[in-house]
Amino acid sequence: MVDERFEPKIVAFLCNWCSYRAADLAGTARIKYEPNVRMIRVMCSGRVDPTFVLKAFALGADGVMIAGCHPGECHYLEQNYKAMRRFNMLKHTLKAMGVEEGRIRLQWASAAEGVQLASAINEMVDQVRELGPLNWAQNWHEDGEVEAAIQRIEEEHAEVMEVPA
Amino acid sequence: MNVTKSNHTFLMQVMDATLGGEALLTCLQCGSCGGSCPSGPDMEHTPRRIFAMIGAGMRDEVLKSNTPWYCVSCYYCTVRCPKEIPITDIMYTLKQMAIEAKLYDDRDAPDFSQSFIGFVENYGRSYEVGLATRFHLTHSPLKKFDYAPFALTMLTKDRLQLRPERIKGIGQLRAILNKAKTMEDM
Amino acid sequence: MRYGYYPGCSLSGLARPYDMSTKAIAEPLGIQLEEVEDWNCCGATEYFAVNKMAAYALVGRNLANAAQQKSFTDLVAPCSACYVNLRKTDHNMGKYPKLAQKVNKALEAGDLSYDPGTLQVRHLIDIIVNDIGYDAIREKVKEPLKGLRIAPYYGCLIVRPELGEPLDDPEYPMSLDLLMEALGAQVVDFPLKAHCCGGHMTQISSDTAYELIRRLLHNAAEYDADAIVTLCPICQLNLDAYQSNINRHFGTDFKIPILFFTQMIGLALGMPPKSLGIGKEFVSAAAMLRKIGTEPELEAAPTGKKQDDKSLPMPGKREG
Amino acid sequence: MSEKVGVYICHCGSNIAGVVDVEDVAKFAGEQIENVAVSRDYKFMCSSLGQELIEEDIRKEGLTRVVVAACSPHLHEKTFRRACANAGLNPYLCHMTSIREQVSWVIEDKAVATEKAKAMVAAAVKRVELHEELEPSEVPVNPNTLVVGGGITGIQAAIELADAGYPVYLVEREPSIGGHMAQFDKTFPTLDCAACILTPKMSDVGSHPNIHLLSYSEVEDISGYVGNFHVRIRKKARYVDEEACTGCGICIEKCPKKVVDDVFEAGMGYRKSIYRPFPQAVPNWPVIDTESCTYFERGKCKACEIFCPTEAIDFEQQDSYIDIDVGNVILATGYDLFDARKVPQYGYGRLANVFTSLEFERMCNASGPTEGKIVLRDGITEPKSVAIIHCVGSRDENHNPYCSSICCMSALKFGHLVMEKTDAEVTSFYIDVRTSQKGYEEFYNRLLEEGMHFVRGKAAEITDAARQPGEEGKLIVQAEDTLLGKQRRVPVDMVILMSALEPKADAKDVGLQFGISCSMEGWFTERHPKLDPVATMTDGIFVAGVAQGPKDIPASVAQGAAAAARVQGMITAGTVEIEPIVATIHEEICSGCKICNNLCPFNAIEFLEDKEVSYVNAALCKGCGTCVAACPAQAISGAHFNNDQIFAEIGGILYDAIGGNGAKAPAKSKEPAPA
Amino acid sequence: MSAAKKGKLANYWAASCGGCEIAVLGINEKILDVAEAFDIVLWPVAVDAKVHSIEKMADKSIDLCLFNGAIRTSEQEYMARLLRRKSKVMVAFGSCAHEGCIPALANVSNREEIFQTAYHDTPSTDNPNGVRPQTETEVEEGKLYLPLFYDTVKTLDQTVEVDYYLPGCPPEPERIWDAIVAILEGKLPAPGSVIGATTTVCDDCPRTREEKKIKEFKRTWEIIPDPDICLLEQGLVCCGIATRAGCGALCPTVGSPCIGCYGPNEGVEDFGARMMTALASVIDSDDPEEIERIIQEGIPDPIGTFYRFSLAASQLRRKTLEGLDPSGASA
């Protein structure tokens, strides 16, 4: 196929109690949704350290979703509010880093919301697909000029050293 | 079950054309709209029934019915609806669809709306004398209502403008309206 | 306090008394009204039925013009339909950014733009009861409306739909009741106070409209109201101008004057009825005025108006 | 030392294998993922043969880690952990990844599904390599139980436990136990007299040697953890000495001050300033309402004190505090009734003859304010027609979106009572009549036979504004009869509003106090809606009755008994295992910055003043990991979900992406494992 | 420390301000002990030595290389590789070599933007011909080369393998001496570690800490902080919570919030993430709009706040190049 559609890789962090169960439910109900999201289970959305998100981007993810129980329904009472605060902080920083807002999403999904989670995933995949690959590592490849430049220095030095003392 | 974009049914069209219209999916058919409606007794179908008909895809029957035209925009149904369906706004949507599809049986109401708008687009303001005259020349809606003495009293009470007032920026207004008309509905 | 003033089409025509009385009471209440420049019609309840985007753009032009004036942040509309259309446009533009984008795209065609939330759209009653307050009004009353039994009539669009912070309860509002009490009047229970006056149905189906009007008059008569006090030009028109027809149609004998709340404020402030446009109503308020000891001045019949050269031709009959 | 990982890909019959190329995934794991010693696919991993396969490999191949790619860990994690344990491997060295719920059931394209399954297996292997051995800890369970709420649910729970021989502290906020049920007249669908079946249970509670009844009391504070809670209870001052009072009631008789009783009589009747809510109250000591008592208002009167034969009145009494230790808590705090004034179109509070369901209950009750006579607000006139309005504040996004579950049956009961006691016509305005329990549909049928009218349509408004002849002086219910498609106006003398059940106004605070969560509306959240309906996410805290969600008396009683049974199970076991998934603060890294201390809703993080570091009490920690994620010094690690494990999982799940180091993880150089 | 066992020492200065060089001198008279223990084979700022004499040395013949500065040109990368090859122990000395430090803040920009600013846009620049540095220039005698200026500043360990890290901007002289002693005595921790404490600045900070709940982040000029209470609890963004101890809490002690020069604590992969998560966790609001406002208003420059010293070493390393104009026109 010539113009193959870009298939983004999205990492999702799902809380054990609501959103992971929503994913279970989506499965049990045989709801088909985009395969691009790969899920990692944590006990609570409050466990999601911003480092996880940054790491996922650095390791090649094109988008990251954090999913937790609805506000007020956290199985750990109120820890999803902390997830929300951190998400806002992270979004603020990522914006400054030039990462488009659509690449990170905080999704509330209760254990009963398989359909909603699936739709949110579809929506996000569409959005990230439109944004295109993030390809973060590409950012510091210096267009492959480095080795040539260093070689030039080596050659220059070799030349100098050949000059008789 | 597949979560993909749904096909374009009449229900979807109505919802898409109405801000907040997706609440229509959750209609309980409880009838608090039909029960609240001041013109409910005179409607061919109560709003509740209209929603059932929309769900059943009865597009022509819905757009032909007098229901949306009998809506008085009192918003009782909207504030009482237990599912927060923007019922009055859906009635506006249905009116617009009916005009576009030329599917209304009774011409009075749609023509009244269009006469009204004709003035607004010509002058920037509405104008009762002209509106009434024009409307009454083409229709006779208030069969029991004698327009002439009514107008005369209005006139003697200095409550009728004899000439329409045209706003200064009518050109600007028309440009804005023309641009707006090229846009898709919300 | 300075407010933007959007009178709307009705107030320059069939609701002229509303305009007169509003302007008359503004000064003593310390309200400065600055009219929105070159305002256009709000579309009433008709434009949204024909083309929603154009309807939003139509209202958008008014908001944009008003916002440009910059000398006020609160925009006051005395007409319910104008109030709800202005408020709905501002509110929905704020709630649905896509709509705001589209409206602004349309406004661009007239070199205008409007940022939702710039203006606070308010009804006249809102500023009178909330900014000025019942107590301040009570203090200013010179001629209390003692003994007058008033049915306070809100109609629909002041209290519904709920767009942002509601002005009053959508089912059983009280602000006009309390205001009339502050003026010294006796407020009767008026269960239909927020029910519909028929709106545009007078133009479309008399059967429907007459029945709606009859209910209101009947309900007010049941409670021996001397007058129905309204906040809306269309409510006033429907209840007043059609009252004789209702009587003919139903064989009733209602004689209830329908007055604007601003006229009642003016009376209580001691202003001459004529200056408030009282006398222009179809159903005479003379009996009511006598009850509070104010003699009505009869409205002189208008002298024949001379044709103004600048007047525009009447539109012709529509083809087909 | 590198680990030896065993990877097992389940076919789940055709559930997985029908979509995922399981052999390919197994081959991929065996050949391309480092440290995978065994990689197999099998028809049903959860079958005993499947489990034996794992056990055998652990023993024979010396596997140190196990990955099972099958269904959701919520289904079979325990199964495979047990299998590992059987073979001598610490159960926490096993990891499951869900290639059924997250792959084969949600993806149609086989190639795409297989790719996703590979990534998930890679992630699982990377993660499991870093797993640590964990051991659950054991703590003893105190046999005392705290039951909060003395309604029928709490009463049932308390009696069940007490009869089984375990001490119970029953705390009730009001002066008497009995709850809402004590206010009712009859119960549906059998029409038993509520008092006849409730009061014997109430007196049981009052006299049971194993029940310490603490009425007119509230839980002030709770700390500790499952098996070992410390509770402080505030006993509000009654101004009556319980030791001295005989409950003779002379004080009540002599009290000159009469006030409207808004609580028990729902505003329909009166009580004195010194009162007991109702004659059969348990305990039967009266209480002085200081808000209305003349002595507390003006410093004079003391009629009660003067006439008390046992000198039991004590105006100087203060609130007192009781500290108790319990092993478990059952919350049965009940509900509040929706305030019908919030639906102004129904006119409650404005139109005299609009009543709430609770007012009507009191009216029907033979010991109520009208002695059981059904009359209008004037107290005399018997209604000739009654309308019953369903779903007042229920099934309504403007108020409560849920169904209150009991109103339909109550409405039928009311219909029956009206027709039994008067000649009135009864019309019910409903959206749906819901009669799903045993004997309920039969009761509906009985009411149809008795001639109750049913209009399908939510009442739009109730007005006294007559429009047409026959409506004068009546209340008119306006609604669309949706079965006719026509608007109807039904004039009646009396309207009964079936108000919604709502969570207690302070339910969210109570939830926070006991460390359990509430739904958005404020109902307590159970651990699992189907499989664990009375336990909560906090071990040792159980919920029962309407506090967990609207339900009727039989269901409430069943839940009370169920909660009691769960508690008995805990007590009988004697000890309780505490999940090892907890956070640990590394003292040598912690600088005592106090970022974490406020983040724990379970108060598991203490600050050790002497060492100036924070410390996690493992018994209180629920393992959410919020503090782990928050620590700026990375001094906290979360067992089984530590950073390295999750980083490895991220790396694995993105094995096929171009990573930050330009490397494609995880390459492997060793020879293929035996298939 | 006998002369017989005298080792060889190299000090090198890449992209950095020179403060690290001064800091070495900050060990005062102990510098003589260093001179006694080592032959200084390379120290451009203090000693005359030639690169080609290093190039001629056998591999691993330098015992210790203290390398300060980040890597932003091909020449610096060349020197890093060379010194790595020649040295037994390579120490990333100071924040720049360790995690990029201030020079790496240039990672919010790119080469073109930087050139545009430096050679054209600054008010003091007079460059009528629009001259720009080129990597190659043709002259009569042949081609002349300048090193390649990178888009992205790198840390030392993103360039070559590093044995130890000595954090700080600059490292405190006491810590430098401790490290030198450890090296001389062979009491080094496992290769790859940071030589320093495992706790954070709070551990050394004398201020009292009560409860962290933040309704508003304040800028330093907005308040005069209470002298005794934790600065963060007063709303100032103090990075002491996440920053490795070692400085003795110099800044917070005198009322200035820590800006994080000692880098993250042991094992932390992203300093900014630790700050973000800790600060966000203690925001005292559950209302999304209010949270948004507190963050937007309180932290106008998140990169400068959270990654002032560690942008190059962070997970993301830099602002995306895509958002920057490769032609530099937007600068």
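Lettered A, B, C, D and E in written order, each chain numbered from 1.
FYI, a residue touches a chain if its C-beta (ideal position, glycine included) is under 8 Å from a C-beta of that chain, and two chains touch if they have at least 3 such contacts.
Quick caveat, the model's predicted, so the values are computed rather than measured.
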item	value
Those chains which touch subunit B and also touch subunit A	D
Result of counting contacting C-beta pairs for D-E and B-C, higher pair	B-C
Maximum centroid distance from subunit B, chain identifier (CA atoms)	E
Most remote chain, CA-based centroid, reference being subunit A	C
Separation of mean Cα positions, subunit E and subunit C [Å, integer]	69
Centre distance in Å when subunit A and subunit D are each reduced to the mean of their C-alpha atoms	35
Centre-of-Cα separation between subunit D and subunit B, whole angstrom	47
Residues of subunit A touching at least two other chains	30-33, 49, 51, 55, 58, 78, 82, 86, 118, 136
Residues of subunit E engaged with two or more neighbouring chains	269, 274, 277, 281, 315, 317
Junction residues of subunit D - those touching two or more other chains	345, 461, 599, 626, 629-630, 643, 647, 660
Subunit B-facing residues of subunit D, complex	345, 391, 395-398, 431, 456-461, 478-482, 485-488
Subunit A residues touching subunit D - in the complex, by the definition given at the top	9, 11, 17, 20-21, 23-24, 26-28, 30-33, 35, 38-44, 46-49, 51-52, 55-56, 58-61, 70, 72-79, 82, 86, 111, 118, 135-137, 141
Touch list for subunit D against partner subunit C, complex	343-345, 350, 461, 463-467
Footprint of subunit B on subunit C - complex, ascending	9, 12-17, 38-41, 43-54, 56-58, 60-61, 92, 95-96, 98-99, 102-103, 105-112, 156-157, 160-162, 170-171, 195-196, 198-208, 212, 241-242, 245, 248-249, 279-282, 299, 301-302, 305, 308, 311-312, 314-315, 317-318
Subunit A residues touching subunit E - in the complex, by the definition given at the top	49-51, 54-55, 57-58, 71, 78, 81-82, 84-86, 88-90, 92-93, 96-99, 134, 136, 138-140, 142, 145-146, 149-150, 152-154, 156-157, 160-161
